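To keep things clear, I will list the structure first and then write my remarks on it.
A, B, C, D and E are the chain letters, set down in written order, and residue numbers restart from 1 in every chain.
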Amino acid sequence: MTLQTMLLVAAALFSVGLYGAISQQVVVMVMMGLELMLNGVILAAAAFWWFLSPTPDGQVLLLVVITAMTVEMAMGFAVATLLHRSRQSDMTDMATDLSR
Amino acid sequence: MTGLLWACATVPAVVGAGLCVSGRRADRAAPTVGIVTAGVVLALSVAVALGRPATSAPFLPGAPFGLAVDALAAVVLPAVAAVTLLVLVFSAADVSGARARFTGLVLLFAAAVVITVCATTLPTLLFAWEVMGATSYALIGFRWQEPHRVGAGLTAFLTTRTADLGLYLAAGAALAGGAGLALADLPGLPAPWRDVAAAGLLVAALGKAAQLPFSAWLSAAMQGPSPVSALLHSAAMVAMGGYLLLRVSPLLGATSWAGPTAAWVGALTALLLGAVALAQRDLKQLLAASTAAQLGFVVLGAGVAAVAGGTAHLVAHAATKALLFLAAGAWLTALGTKQLPALRGAARRWPLVGVCAGVGALALAGVAPLSLWATKDAVLAGAHEESLALYLVGLAAAALSAGYAGKVLWLVWQRLPADAEAGYDTEEEGTRQVRVLQQAPLVVLAAGAAVLGLLALPPVAGTLRRALDGSGPAPGLVELVVSAVVGLAVLLLVRVRPLQPLPGWLEGWLGLARATDVVVVRPVLRTAEALARFDDRVLARAVTGAGRGALRTAGAAARFDDAVLDRAVAGSATASVRLADATVRADLAGPDAAVRSLAAGTRWLGGWARRTQTGQLHQYYVSAAVVLAAALALLLAVR
Amino acid sequence: MEQSPLALLPELCLLAGAVATLLAGSFLPRQRQWIARLIAVAALLAAAVSAALAFPRHQNGHFGGGDAETVFGAFVLDTATGVTRLVVVAAVLLVIGLGVDELAGTARESETYALLLLGGLGAIVLAATDDLLVLAVAFLLASIPVYALVGMVRSPGAAEAALKTYLLGALSGIFLLLGATVLSGIAGGTAYVDLATGLAGAPAAAVAVGALAVLAGLLFEAGGVPLHQWVPDATQGAGTAAAAFLTTVPKIGALVAAARLVDVLPDALSWPLLVGLLAAATMTLANLAALAQTDARRLLGWSTVSQVGYLLMPVAVVSSTSAATPALLVYLAGYAVTNLTAFAVLAAVPGARSLTDFRGLARQRPWLAAALGISLLSLVGTPPTAVFLGKLTVFTAAWDGGLAWLVVVAALNTLVSLFYYLRWLVEAFRPGDPAPTAGWAHGAALAGALGVLAVGLGAGLVTALTGDGTLG
Amino acid sequence: MLTGIVFWVLAVVAVAAGVAVFRVDSMARATYALAASFIAVGLVLLLVDLEFLGVITVLMMTMEMAVMGIYMIMFMGMNPALMPMSMVHGKRPALVVSIGTFVVLAAGALLVPWPTRRGAPAADLVTSLGEAIMESKMLVMMTVSPVLFATIVAALVLALPRGRYDRLGDDLRAGKAPR
Amino acid sequence: MLSSIIFLPLVAAALLAVLRVPDRVARWTWVAVTTADLVLVGVLIARYETPTDGGLAFEERARWIPSVNSSWHVGVDGLSVPLLALTAVVFCACAVYGLREDRRPRQHAALFLALQTTCLGLFAAQDLIVFFLFFDLSIVGMYAAIAGWGHGREAGRSALQFFLYTFLGSLALLLGFIGLYLAADPHTFDIPELIAAAPLQDHPVAGGFVLAALLVGLAVKTPTIPFHTWLPPAHTDASAIGSAVLAAVLLKMGTYGFVRIAMPALPDAWRGAAWVVLAVGIASVLYGALVALAQTDVKRMIAYTSINHMGYVVLAVGAAGLAGTGTAARELAVTGAVTQMVSHGLLTGALFLLAGVLHDRTGSYAMRDYGGLARTAPLWTGLFAVAAFGSLGIPAFSGFIAEFQVFAGSIGTTAWAAIALPGILITAALFLRALQLLGTGLPGGRSIGFSDVRAVEAVPVTGLLLLSLAIGVLPWLLLDLITPASAVLVDLVGR
């Protein structure tokens, strides 16, 4: 277990999440992709903390990331609900009236 | 005395402007006012001719409005003033309708002539010079109801103005040479600028004097009323061309080429326009061509530094030709025609007019001892000193003048044909009468035409020559005799053997007008039209096209919509026309195409910009990722 | 390090105001929610007064320099913060003013005010902080109210706009967190002071990834390329007041924050060039896209994006010229008041959506048309209006900072922008029957127009506030 | 050595579960996979002495996935088990972008000359975290509170179709919403 | 003094915009205010004494944007006083002519009063930002004038084109100003300070770029070819007053910028670019004249002659930048350029007002629609003839004074300037042709029943023409003002 390997895994998680965020049509699935990206960020933060600068700052950072994740997800659910109610759809592809 | 000089210039100007502005209301009083003013001017001019004042007023920086009466001006100024007065007297009886405008313009013209004669700086000269041109335009086109007369004025004005550009050039050269704008300083200019100044002045003078190749305008100018022709096209304006050359004769002499050039142009004009005059069938046209030819002698004189002779010829010719023009005008008003065949025997109907005209014609023919005989020889003497060829050409020209003068003389004194009335009223409704006021000036002018030769004969000639600082030779006795014999012989020859019709190109003024039309006017107009098309179709449309293109919705760029196709089809007809233009001026197609593609490009870009906004979220994600990756690459690449 | 919460009085006023507004709103009958509005306005006024009073004290602080006063180790009290506070508070006040007609008596009126206050608070903290952690949290605080405000009107368009705003915001938040992680990891701390020292010798690639990611987050908040797509959608889909808010307030915070960040980034990488290119791309794309818009709101949305492009110019040169920070602040102030004036006109003609709906405005409501004209001409950059002053200073700063090409690009863009601003203006002066107008927004538009002129004419005063701009 | 093996196992689990999120054919299973991925990362956190944060991660994620499951049943009206999963678009660009991202990040991770470790972890990590939160990073937590407040307000505003005036009448006095 | 001259019209405009006074009152207020301003300018000229060593008179300076060293700085010298006077005169004439405006006269008056402030302010500005402020606002005002009171079907589009095109110019100008500001040390927008410092003297490349920006900006406004295409449609579709103001005053802003800013502040670069300027001037003279010759629409024709006439100015300022020995010639060229600005303002203003009469009576500008107007409208024809002759450079009118100085000075500097001489000739041809088509012959077409000019039309035109005549006969009245300033300018350019 080295910094490099941990970062590699984090990069993998981030990229997989990005793939999901881009390829998924259902809002909730897009959110899952985003979560997975955040998962990678968490892992990277931990790696940096442990291998480079084990200061309290790093811990607070992790805490902030986790908070952000929660908050974003809460908003995500709210928005998905809103969309579902107003358009009877939870697909991002269906919500393309606003363009150009 | 300077006050008198200013008055001499401003009185006719102010009165003339006032008459012009007051319009038809002043018509009744105008002739009287005009005659009185002209009389005052004559008196003033005589006074200043004797007093020789010089004065100046602030005008342009470094170039005051300078007026001065030197010997040359002292001779010419009274002559011009006198002719003006006589012409106004004549026209008081001759011109009808809008007399205020006519008199006003004549007085304005007279003021300009006074200033021209007395000008000591280039701006002053140009000032008056251009006003002469403008008033001559207005006077030639005096009867504006008839478009061809206005057109003739336009031709006259534009031709003389073309030549006037030389004065602008000369002014620039004077400044560049650092000599200032005074006429007297011009010969002192350093080498290249001196030549430029000389060339500019030469061109300007040749244009006004209707010398080759500018002569054609004088033909057109005959559309003006006869008094106008008498004043402008004999005594004053045309003469001013010759006068200018006489005045700057030192400058011409200071260059190696300007004098001979002027001399040859003058001589050739005298010869060729003499031939032209011989071929004319219209009295005024004949007189006009003769004017150009006679001015040729003046120019010749200036070119060979025979200033005194030139001056004398100028003055004598003014009297002679004004006389003839007024006579022609009297006949025109009375008989309604100026066609020579129709004027057969006209002299016999009004003997006084006939006699006066006869004196004029004889003088013109160079019959001794009338005026032009001696003055012309004074010039030719100078030419002889310069070169024999020049002298011979001049002599031939003198013979020609005897020819056309004789043609007129014999014609008008022929027996009145029975069917004379048939030829009348071809140009206007004749009055069949010649009034006293029309006849009186003729007498005065005839006297002048007869005796003014004294200026070129001893003892006056010597005085004059000394006053003019001239060193030109006096005519020898042999020359005087030769020319008198030639003149008389030709005159008699014409009497014995009436002329055969001469070639059309001579009657048509050497095709000068046509040539100008083909070489200058048409190309300019074509260019103007082409440029206007270019401006409308290419430049302006390109810009509006760019604007429209940017405004156009960008969806149009994405799909090649019907409107575009429709326009393309509908526009193909105009496009083919445009294509023709484009092929003719391939270089002009460059900016056109460029700006068009710019317009299209903006339109396309607008569409592209909006197409990035697909509404598809995953595409936003992809674009964000791609752009950020590119930014990263850029950051790492550019360091 | 000062720990006195009093130093954060304006922020506390906003927070307390938000809580009080929300609480009051939950007990007020529908038609008497104006009391909640009053509370919100009072809180804003209190914040404005306290911010104004505090302003002179830290006017000499400059960000990046060591002599600026910092509260809680992460909240810088300098000119930029002071100006941001004033501008944000004023902007929120104006938003409430222009939104009264639209919001009064609606079911969510008090919530809206609370969210406006919270969003304003987020923008201020975003602008004032010099710590990556606070930056990340402030990002959330600034963006979450925006999601709600966009979706508030409950129309399909609003829902879609909210979705897009949210999804782009979430992605940007992740970018921001990723960047914060990388930067703090290699620098050994999250405070900008640590970054300045820690990044100096750090590996360039890591710095590039980290800083770019943080910048991406801020670009979302500001509405710059490549995360700008939500702006026109949200502007079109949301209610007028919400649109006015989201095109103004978050940008103020984000751009100041971006300037603070770029200022501490090491010189090893060509940040000016990158930010300059992003600025050029933003303004060009937005102006081109705005050309053919027919919906007034969407047009203003794109206009906002283009203005962000100009606003990024001083950010690009923030570390190379002292003129950049004042220029940024001046432009932000001018832009805020101008943009809100334009939205006030929109709010004053509630029925108008497309540009042609404004026909007859000049005949029927000359003052409103004048306000529209002033705001649109200001957006173009015509003197003596607010944005002209901004453009002048910004162009000067960018040129001075070595980005003369960017100034040329910006000038050409200004020309392009004239097309669409003028199209709207022309419609307003054509004959026609406009929709009925609303009173409060009318007043807000006039006040805003006066403000636009005041900023331009009183330029000396404004620039005196924004400082001489010496940077550390 | 042991840590290494555990790490690799967890790493493989985390990534594999992450991949599985988008490979399984129902949303419910995707939720489980995501939870697994998070738990694996949470366990990795434990490996680097971040017990507190690791536990938090695991707990939060478990909760969140539970919420997600409930959410899907309640609001979407889907049967989580039977939901077919073929709602994908733009797979190719997604693949290209994500692989590209991975290559860039991985290359960075492997090639960047990372600096050496500065300092050592505090003896009591939780205490140091608490101190940091209450002292040097106090503003973070001060800001988090309005964030949570805003989130609650915003989420309710967005998610609730009917406000209090719909339920309680315009003057809030009615016991029931007007029908 | 100067500030009150500048802002008096604006204050009146604001009052007219706010107070809903009756139309009659609005019209007469307009006349009164412009007359008052004209009187004030007259007082200013009467009290004007040529400042020593190239300074300014009636200088006023107040803080504005100290952070960028920009201030409300106004002042006049021999280059600006004539243009201030021209502005006051032209606007006063337009106000009288505007007494017959019946479309929203109150707003019309307010707009033109505001426009007057922008013009006066520009000519008095001694600070680049103040200059730019008025430069830009004049565009906005003129746009409103064309779009709001123009009478072509395409008025909106022409106005837009005008706005876009001149706005492009103003942006280029702004870039140039910023470049000057940054080059100066300390940074400043103050024109006298910039002139004194001549900041880019030893930086040929940077100076070249800054000058290029300024040149483009000013060339669009002037306009010279190839930036002129906005002018003809703008004139064709503008009202008579709009055209008169546009041609008589607004075009001067471009050329004034040359002598006020570009030449003295960037002497080195100007000398380097002088050949280009000269060539553009020559091309403008000839091109403008030729294209005007081919026009069939009298207003378009006058518009194109503006390009020709402004070309003389460009020619002269280009020649003034040629390093040569003849200081006198270059001074004459500059004096001629300023004289030409005034002269063109007076004469073209008169011509456009006269063209407006045509449109007012019959709605047509096409020359072939008329003929024989000398009979039905002798006064109109007379005035048109006088204006045309003045415009084609006949002595006794200001045009001759200007053109003589321009040509004598330019040719005195470089013989190449003589290429432009045919411009005089073509201008003469086209004006006389127009006069012939419109005025002479027998009345036909729309000339029949054409009512002659009324007093409110004749008075302003006559006033403008009389002023032109005064300058033509007593040019030193004007030249004494200009000459010292042009000497200073030539001196500065020669640095």
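What we mean here is this: a contact is a pair of C-beta atoms (placed from the backbone, for glycine too) under 8 Å apart; a residue touches a chain by one contact, two chains touch by 3 or more.
Bear in mind that the values here come from a model prediction, so they are computed numbers and not experimental data.
Student: Please state, in steps, how far chain E lies from chain A along the shortest route of touching chains.
Tutor: Step count on the best path from chain A to chain E: 2.
Student: To get from chain A to chain D along touching chains, fewest steps?
Tutor: 1
Student: Name the chain with the Cα centroid closest to the overall protein Cα centroid.
Tutor: E
Student: Counting only C-alpha atoms to place each centre, which chain is farthest from chain E?
Tutor: D
Student: Which chain pair shares more contacting C-beta pairs: B-C, or C-E?
Tutor: Between C-E and B-C, contacts are more numerous in B-C.
Student: If every chain is reduced to the average of its C-alpha atoms, which one ends up farthest from chain C?
Tutor: Farthest by centroid: B.
Student: Measuring from the mean C-alpha position of chain A to the mean C-alpha position of chain B, what distance in angstrom results?
Tutor: Computed from C-alpha means, the inter-chain centre distance equals 91 Å.
Student: Measuring from the mean C-alpha position of chain B to the mean C-alpha position of chain D, what distance in angstrom results?
Tutor: About 97 Å, centre to centre.
Student: Round to the nearest whole Å and give the separation of the Cα centres of chain C and chain D.
Tutor: Here chain C and chain D have centroids separated by 29 Å.
Student: Need the CA-centroid distance for the pair chain A / chain C, whole Å please.
Tutor: 26
Student: Chain A: which residues touch two or more other chains?
Tutor: 14, 18, 21-24, 30, 47, 49, 52-53, 55, 57, 60, 64, 67, 71, 75, 78-80, 82, 85, 92-93, 95-100
Student: Hey, what residues on chain C touch two or more of the other chains?
Tutor: 133, 137, 140, 144, 147-148, 151, 154, 162-164, 167, 171, 186, 188, 190, 205, 209, 232-233, 289, 419, in rising order.
Student: Got the chain B residues that touch at least 2 other chains?
Tutor: Answer for chain B, listing residues that touch two or more other chains: 547, 555, 610, 613, 615-618, 621-622, 625-626, 632.
Student: Which two-chain combinations touch?
Tutor: Touching chain pairs, listed by label, are A-B, A-C, A-D, B-C, B-D, B-E, C-D, C-E.
Student: Spell out the part of chain A that touches chain B in their complex, as residue ranges.
Tutor: Touching chain B: residues 18, 21-24, 30, 92-93, 95-100 of chain A.
Student: Enumerate the contact residues on chain B facing chain C in the complex.
Tutor: Residue list for chain B touching chain C: 547, 550-555, 602, 605-610, 612-613, 615, 617, 620-621, 623-624, 626-628, 631-632, 634-636, 638-639.
Student: Which of the residues in chain D end up touching chain A in this complex?
Tutor: 3-4, 7-8, 11, 14-15, 18-19, 21-22, 27, 30-31, 34, 37-38, 41, 44-45, 47-50, 53, 56-57, 60, 64, 67-68, 71-72, 75-76, 87-91, 93-95, 97-99, 101-102, 105-106, 108-110, 114-122, 125, 128-129, 131-133, 136-137, 140, 144, 147-148, 151, 154-159, 161
Student: Applying the document's contact rule, which stretches of chain B touch chain D when the two form their complex?
Tutor: Going through chain B, the ones touching chain D are 616, 618-619, 621-622, 625-626, 629, 632.
Student: Inside the complex, what are the residues of chain B that reach chain A?
Tutor: Residues 555, 610-611, 613-618, 621-622, 625.
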